[in-house]
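Letters A, B, C, D and E mark the chains in the order given here, with residues in each chain numbered from 1 onward.
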Amino acid sequence: MNWFENGGALSLIVFLPLAAALVMLVIPKAREEAIKQLALLVSVVTFALSLVVAFAFELGSSASYQFEISAPWISAIGSNYHIGVDGISLPLLVLSTFVLVLSIIYSWNHWEEPRNPKAFLALMLILATGMNGTFVALDLVLFFIFFEVVLLPMYFMIGIWGDKSMRKIPGFAREIPTRLYASLKFFLFTLFGSAFMLLGFLAIYFRAGDVAQRTFDIPELATLGAAGAFSPAAWSIGGLVFGALFLGFAVKVPMWPFHTWLPDAHTAAPTVGSVLLAAILLKLGSYGFVRIALPILPESARDWAPAIAILSVIGIIYGSLACLAQTDMKRLIAFSSVGHMGFVMLGISTLTDVGINAAIIGMVAHGLITGLLFFLAGSMHHRYHTREMSRLGGNQTLMPKMGGILGFTAMASLGLPGLAGFWGEFMALLGAFNPLEGLNVSLFRTAMVIGAIGTVLTAGYLLWMLQKVNFGEPSEEWVGHEFHDVDRFEMAAWVPLMILIVIIGVYPKLVLGSTTDAVVAMVDTAFNSGPTAALTVFGG
Amino acid sequence: MNYDIDYLALAPEIVVIITLLGVLALDLVLPRRLKYFTGAIAVVGLTLSAIPLILLAVGDLPVSMFDGSYVVDQFALVLKGLFLVSGYVVLVMSVSYIESDRYYQGEYYFLILSSILGSLVMASARDLIAIFIGLELTTAPLFLLAGWKKGDLKSNEAALKYFVLGVLSTAILLWGMSMLYGATGSIQFAEISAAVSSLRSGDPMMPLVVLAVVFVMVGFGFKVAAVPFHFWAPDTYEGSPIPVTAYLSVGSKAAGFVGMFVFVYLAVPSLSSVWGPLIWVMAALSMTVANLAALRQTNIVRLLAYSSIAQAGFMLVPFAAASLAGEGALAAGLEATVVYLVIYALMNLGAFAVVIVAVQRTGSAEIDSWAGLGRLDGRLAVLASVFFFSLAGIPPLAGWYAKFKMFTATIAAGGTWAYVLAAVAAVNAVIALAYYAKVAKAMWFDDPPEGAEEITEAPSGSLVLVLTIAAVVTVVVGVLPNIPDFFGEATRTLLATVGG
Amino acid sequence: MMVNQFLVIAALLFSLGIYGLLVRRNVVMVLLAVELMLNAVNINLVAFEAWIRSSLAVGQVFSIFVITIAAAEVGIGLAIVLLIFRNRQSANVDDFDLMKY
Amino acid sequence: MNLLAQLAVEAPHEEVHLGDGGVFAEWAWIMLVLPFVAFLLIIWRGKHMKHQGAEFAIGAMAVNLVMATVLFVSNMLEGIYHEGAVEIARIGLFKGHDLIFELGWVVDGLSIMMYWVVAFVGLAVFVYAVGYMHGDVRVTWFFASLSLFAGSMLVLVGSPNLVQLIIGWEGVGVASWLLIGHYWEQKENSSAAIKAFLTNKVADVGLVIGAIYIGLTLGDFRFSTLEAAAVDGDAALAAVAGLAGLLLFIGAMGKSAQFPFHIWLPDAMAGPTPVSALMHAATMVTAGIYLMARTFPLYQNLAGDVAILGSLDLRGLMVGIGAITLFGMGLLALVADDIKKVLAYSTVSQLGYMMTAVAAGGYTAGLFHLFTHAFFKALLFLGAGSVIHAVHSNNMSDMGGLRKDMPKTFWTFIVGSLALAGIMPLAGFWSKDEILATLDYEGYQMVFWVAVAGAFVTAFYMTRAVALTFFGTYKGHGHPHESPSIMTTPLIVLAIPSVIAGFFNIPGVKWGPIRNFTEWLAARTVAMGDHHAEAIEWNLAAIGLAAGLAGILIGWLIFGRDAETQVARDRVEVPLLYPLLRQKYYMDHLALGLVGATKGPLARAVDWINTYVIDGIVNGVGAVVKAAGTVIYDGIDQRGVDGIFNGAAAASDAAGRSLAKLQTGRLQNYATGFVVGALILVVALVVAL
Amino acid sequence: MDFADWLAQPVNWVYLAIGSAVIVSAFKVVTSQNVVHAALFLVATLAGTAGLFLLLAAEFVAWVLVLVYIGAVVVLFLFGIMITRAPVVRDVGLDNKKARPLAAVLSLGLFLLLSYTSLLAFGAEQVQGVGEPTPTAILGEALLGRFVLPFEIVGFVLLAALVGGITVARRDLTPAEEEERGAV
């Protein structure tokens, strides 16, 4: 099984979905069952492989890359096909394959117009290749490619199967369909960010040394970065380069004020698209920070950390407040991501082991929870044909199971301790209490307090949403309607998510056990903090 | 003086000459219904001309003739290959198009082949006269081909605009060349380079040389349709027969680039402070103006015209940046532009092939007429998406690597101006996406017109061939960028052989 | 005789050519203007040759090429003029703006 | 040298010998888990059961009671201490050592007391609820939520560390939200539920940040570490003690409904009565007191004396807030018509006693009152529920004369009322007396008299409630009947400890091998260091008792003899005070941030205020916040931030349009552009070089 | 060398004469409102240019110019003028008057630029060998030796212009006519 450990497993995880998508193209459209079964089979196999990887993963040395392979790829620039997982990427990889399976199960009997399961599933599988690939890529160019590969499928998903309603855009004369606006906005924003990200990558590449030493290899660059090769002291544009990377990742996360594509894209996307977007795609950005920006540019990261922290807490408060103004359930959930990812970024901005661990578990939790919320929003839209919360009242009466699951997920989303969402928020606050030495402690503590206040607002809008959607008497207009409560495909897709939310909530070690050593090693090398003898005292 | 001719080194040109003469002769004798045979001859001829190319590539290089004014090196071979391949694709594309519209087939192929011959000459030309003649041979047939749809007023107009502005640019180019000759006493690039490199700022000769260099660059800028010398392009592209447009946007543009490379790198390398800023401005303007203007287009061909102007801007970027970084970076800039050119040629030809198919079906090149193509003809829409998104530079389609190389060379050059240009390019890459996506939007997101039926019949075999080749190469190159890199790498010899 | 006295004439011809190109409405007149410009280049080349006196008379050779090309251009240009005129009954440049923006 | 290492070498701070509690202590985690198992079972199978899943809830609680009783008894005889934990996360190399998160269970005097109270009261309430909720909507879900409620409380009280405490703490909040909003068809109910949750959540910010301060200062979230550090006077902890103590106290104020966080509690009466009983007696509101008791060493040793404002130290602040709560909320109970609201305000008032006591340094005194209060307040609520069940109204104005129709309810209610009023020898007397003694000993003379006045008020409003409910003539509709035995039995069961619970902590009295309550609670890792009286201070007891008796007497004089409530009410309607009380001190309005309302003409102001009272604070603050949300969203996000994108897009579009205009279609314009471009470039470059 | 010295050389008198003729006629080419006149002024310009060539020892080129241009190109122009001018429907000016100011400014600027650069660069450099025409043999050898390749290629330019020009310029038969002719 040598090939398996030497990159074979990961390559399969990455490219199997793509291969399946290609195979799917030759299956006639009419053979829908075969198409669906193929998609499910492949996603299950991918997931199983990722589980095998997870179990075979040496937790003891989670700080080093495993299942690694590095083969020459673009020789002219010394870019390699270098993939591998460490403790940081492993949970995200498993999450990605896992959510794909659930999405395909859910899709089984949920098709948005104009239907066409073949195209939809093929896009989904291509998307999977991009997502999985990003999490295992250890070469900047490879990372960039996978990072971008997700764009097209998502663009098409939103544009073809998205919201059919019309929308007036300020500055433009005509009303245009929401899906068109949203899909293009998503595409443009991300491309804008990643164009600058690419420039940043290239700047790093050329800074890495003489022609022979130049490299796109992330671990090598991280070593160089830790040695101060890219510090602004020695390299005048170091800070700018971080800014370029920041732009690329922050758009994807999305951080305030680059978030405006998100509510539109999420709202307009078909259900599964929203789920994948929320569950995985947003993580690509924050993962980029952890994998690339911080280790390679530690000094600039220090300089930028306060700004990131400030933007994060703005995002937390701002996202929550914006949620309060929503009348559209899906848009509310979309905006909630701004707040939640704010916590993730707050964690990252502390540059501490606690904060970054918080970010990763926050990412996983957000993926599970918000994914589930979007599933629910989609299913409810499927039944009510509206997402207006004012019309959805009494859902709990009409569909008790749906309402119950919605309640559960909302609780998880507001960071209820004991459920997955809690750890990300709580640990982010922990991290902000004691940021990396040298960062402005009072700033971060202020951020901590504001973040904590943000949790109240989060609770507020989610409870308020539940009140509007679940509670009260059903609206007159539904009299005489028969509503099918949660069906078996939905159950099959959702129950695993709920179980995982509880398990991670009660036993966060499931994620943190994998990440902690890797994060500590990363923080140690990058920021050279090492174990400090004295505990930081209040005010110190 | 020894002006021996190495016939092997000239073999590709000779094969093309034989072919075009054959085509012309055959056209006289063939009855009308067999005229399409001339196309076959042309295709075969071009294929054959690739054989000596390969022989040369594995043989001893470089071969230098006529006092070094005609050189066959790896650079020349790569670009000749590019001209042959793109010419080949254009010919194949033309077959069904020309056939269907009762155009003059023999003459058409003859002119295309003449233009290709001109490009081949340009790739090897190393003195002012040769490159001028090559340029004229490349361009002159195209003036006529642009008006090939004789009954179409737009085609007439296209030819006229192209011609008048072409002649204007020729005149300006010639003025520049004449002044260079006067200033240096030579028409040979190596000698010009030697003479020019001794010039210092403040030399009374300097303004003249600056003017000469700019004028020559204007001539090439016209060929590559760089802003502000691009005005002809949108109108001419729109009016010309689509295969001709495809050739204009690829072959003829590439010829312009070849002229620029050779002239800049071999004749006036030391004057990078002149042509560097010049190209910088042309690059920035081309990208920005064309991209913004493209946003407004409703005609797909016109959109591609603006797109090709913008792409030319992108291609100029590494060129401009390299000039700012001095001698060392020139090779990287050259390589990046060649790689871009190679990739661009493929994907752009693919895009035009799709346009031909679509226009043959709907009779319209308006973007609106593509509405719902995804549902009517999924395969064509997929291919179109591949090409258009590749043009937009979305990984993993080949276009990304072109842009990547461009950024690489630019960042490698370093310095404020390079970074600014890179930033401009980055923003433009985003703007460009907006209009490429517009095409995708029409195909996939808009509903097909009422009563439209699913299309099952396949386009003509030759187009299928073109589409398949272009699509496969677009995807493969995107995943394995070593392939274009190989060619890009080879062109570095341009700098190695002459002057260094 | 100085080189410059010829170059100045050439510059004048070239500039007049540009002027004609920009103001003339009739396509044939535009072509005439272009011929002036090409001719100006020829004066340059020949004048330089007389100054440099290269062994191969490069300047003169070049000017012969330019003359040839100019002739070819005129042929092409007039063909296009005929083509257009037949379709439009006009040889006025500013009548042709079917394609714009 | 880090703190954990210190801990490792030093001997544990045990002053008394503590047993290990044996197998029951080791398996005590079952108590924490069982309600959740019941919750899942109810959801899974509940609908198919005879009592719709109540069986599981009751079964779990019964098992818990058995286990808790065993521990309780062992602790009575010999103090026990056991702590177990499962590591759930570990963040490596955090500041030199691992930061560990654990879930666990602690078995010591404090937690055992709480286990038992929760199990005992919980079981009584569950059984009662079977009768009370019979035929009601969503009974299955109700019992599931009740289990969740009890389970979360057990997780909270069993927690060996701050993080798990937070988990239980929020779990209690969510369960309370579910239960308060049980009748969510009406918007008021779900709004009340949200109000409860959010008010708590605001206070929780304090708890969470306080926990972070302590946890990260010590590098450990365990209470045992905190206690040891507090007793040792750890310098790092001392530096943050004041702030951390205040923050934790804010958290406790929320859960324990201390002024001004009491606003959620009266509204929480929207839930079914058993919920109120459970919430006010054993779970939820006691959590704040429990937290103060659990972290008592911190306040006792470090935080209490930290100055907050001028000469006011933290301890003074806490005592003061407790005092305000105990007296002010008692007054509010005086004017409420809704019997449940009377009891609710009563609870807040009693929580004020507990908080005052614990804050003043009376660890045992506060908890003893918590202990006794749990029984008689549960009893009173269940009794009230029984009455409500009979008359189908919450309002005392619809009741009256029920003593003949509902004798069991009446007599048990009387027992509860007397206990609450602090009449000797019932439970309330002893615990209240101990609080008074503590206040006296610690030197809070003013607060002492406030507490006495509070005792008077307590007796007064309970007399009023009893009189209006059970005496006089019946004013409601239909014929009320005594509740079924499944409801009355819990009343009787709860009446017993309401009578006898006080005997376990009479200073200087010992019942055979049974140690007294003070010693039960002393079974902790460190000594609490609070004061215990050697013998009953009869003078203080007499004052308290006199206040209670006076309250009953005056109450009876006003309400008992004349059953016409309207008249009775008029007599106490003191100008100014009465409207103030009726409007709950305008606290809701204050919370609205509408202090300025008093400036205008009073009438208009009151009217204006009243319009906003309807939905209460959450909707009020909510409206403000939501308005802010709208401003942010519509004004800033859609116009500003999003506007930048749309603006950029529109600008590109316009630029494209004008640039495309350059393409005029005129050949000579093109040529002009061409030449101009070339000329500009040449001139620029010639000039530049 | 001052102006008087310059004027003392007789060849410069010739130069002045021919030069002014060239300039005047060139001016008329672009300003004349009569198309035929314009074409004839071009003839004059070219003839003058040929004279200048003779002054510059480029005998062969001068005659080529005369033959090719005056003999062929201008005739071509006249044909073009005849064909396109005769059936003019509207009576419109030959110039776009609105464009004149800008065009004048531009061409004046261009002239200044071109002459400035040239004057600066070449100062008083003298042409050599006036009266010693370049032997035509040299040109012949150059064209067929060193420049044989461009020479060949330029043939293809002419060929392409010829073939393409004919194709483009000829009138296509309508399908009806075609049928007719096919029948014949």
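Definition applied: contacts are C-beta pairs under 8 Å (C-beta built on N, C-alpha and C of every residue); 3 or more make two chains touch, one makes a residue touch a chain.
The model shown is predicted, which means the values in this text are computed figures rather than measured ones.
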Neighbouring chains common to subunit C and subunit D, by label: B, E
B-C compared against A-B, more contacting pairs: B-C
Farthest-lying chain, centroid of Cα atoms versus that of subunit D: E
Subunit B and subunit E: spacing of chain centres that average the CA atoms, whole Å: 31
Centroid spacing, where centroids are CA-atom means, of subunit D and subunit E in whole angstrom: 101
Subunit C-subunit E separation of Cα centroids, rounded to whole Å: 6
Distance from the mean Cα position of subunit C to that of subunit A, given in whole angstrom: 64
Per-residue multi-chain contacts in subunit A, two or more chains: 188
Where subunit B touches two or more other chains, by residue: 129, 132-133, 136, 140, 143-144, 147, 150-151, 159-161, 164, 168, 175, 179, 182, 207, 210-211, 234-235, 296, 434
Touching two or more other chains - residue numbers and ranges from subunit E: 96, 99, 102-103, 106, 110, 113-114, 117-118, 122-123, 146-147, 150, 154, 157, 160-161, 164-165, 168
Chain-chain contacts as defined at top: A-B, A-D, B-C, B-D, B-E, C-D, C-E, D-E
For the subunit C and subunit E complex, residues of the former touching the latter: 1-20, 22-29, 31-33, 35-36, 39, 42-43, 46-47, 49-51, 53, 55-58, 60-61, 63-65, 67-76, 78-83, 85-86, 89-92, 94
Parts of subunit E lying in touch with subunit B, wherever the complex brings them together: 113-114, 116-118, 120-123, 145-150, 153-154, 156-157, 159-161, 163-165, 167-168, 172
Partner subunit C, residues of subunit B touching it in the complex: 128-129, 132-133, 136, 140, 143-144, 147, 150-151, 153-154, 156-161, 163-164, 167-168, 170-171, 174-175, 177-179, 181-182, 185-187, 234-235, 238-239, 296, 302
For the subunit A and subunit B complex, residues of the former touching the latter: 73-77, 114, 119, 141, 144-146, 148-149, 151-152, 155-156, 159-160, 177, 179-180, 183-184, 187-188, 191-192, 195-196, 198-199, 202-203, 205-206, 237
Complex contact set, residues of subunit D against subunit E: 668, 672, 675-676, 679, 682-683, 686
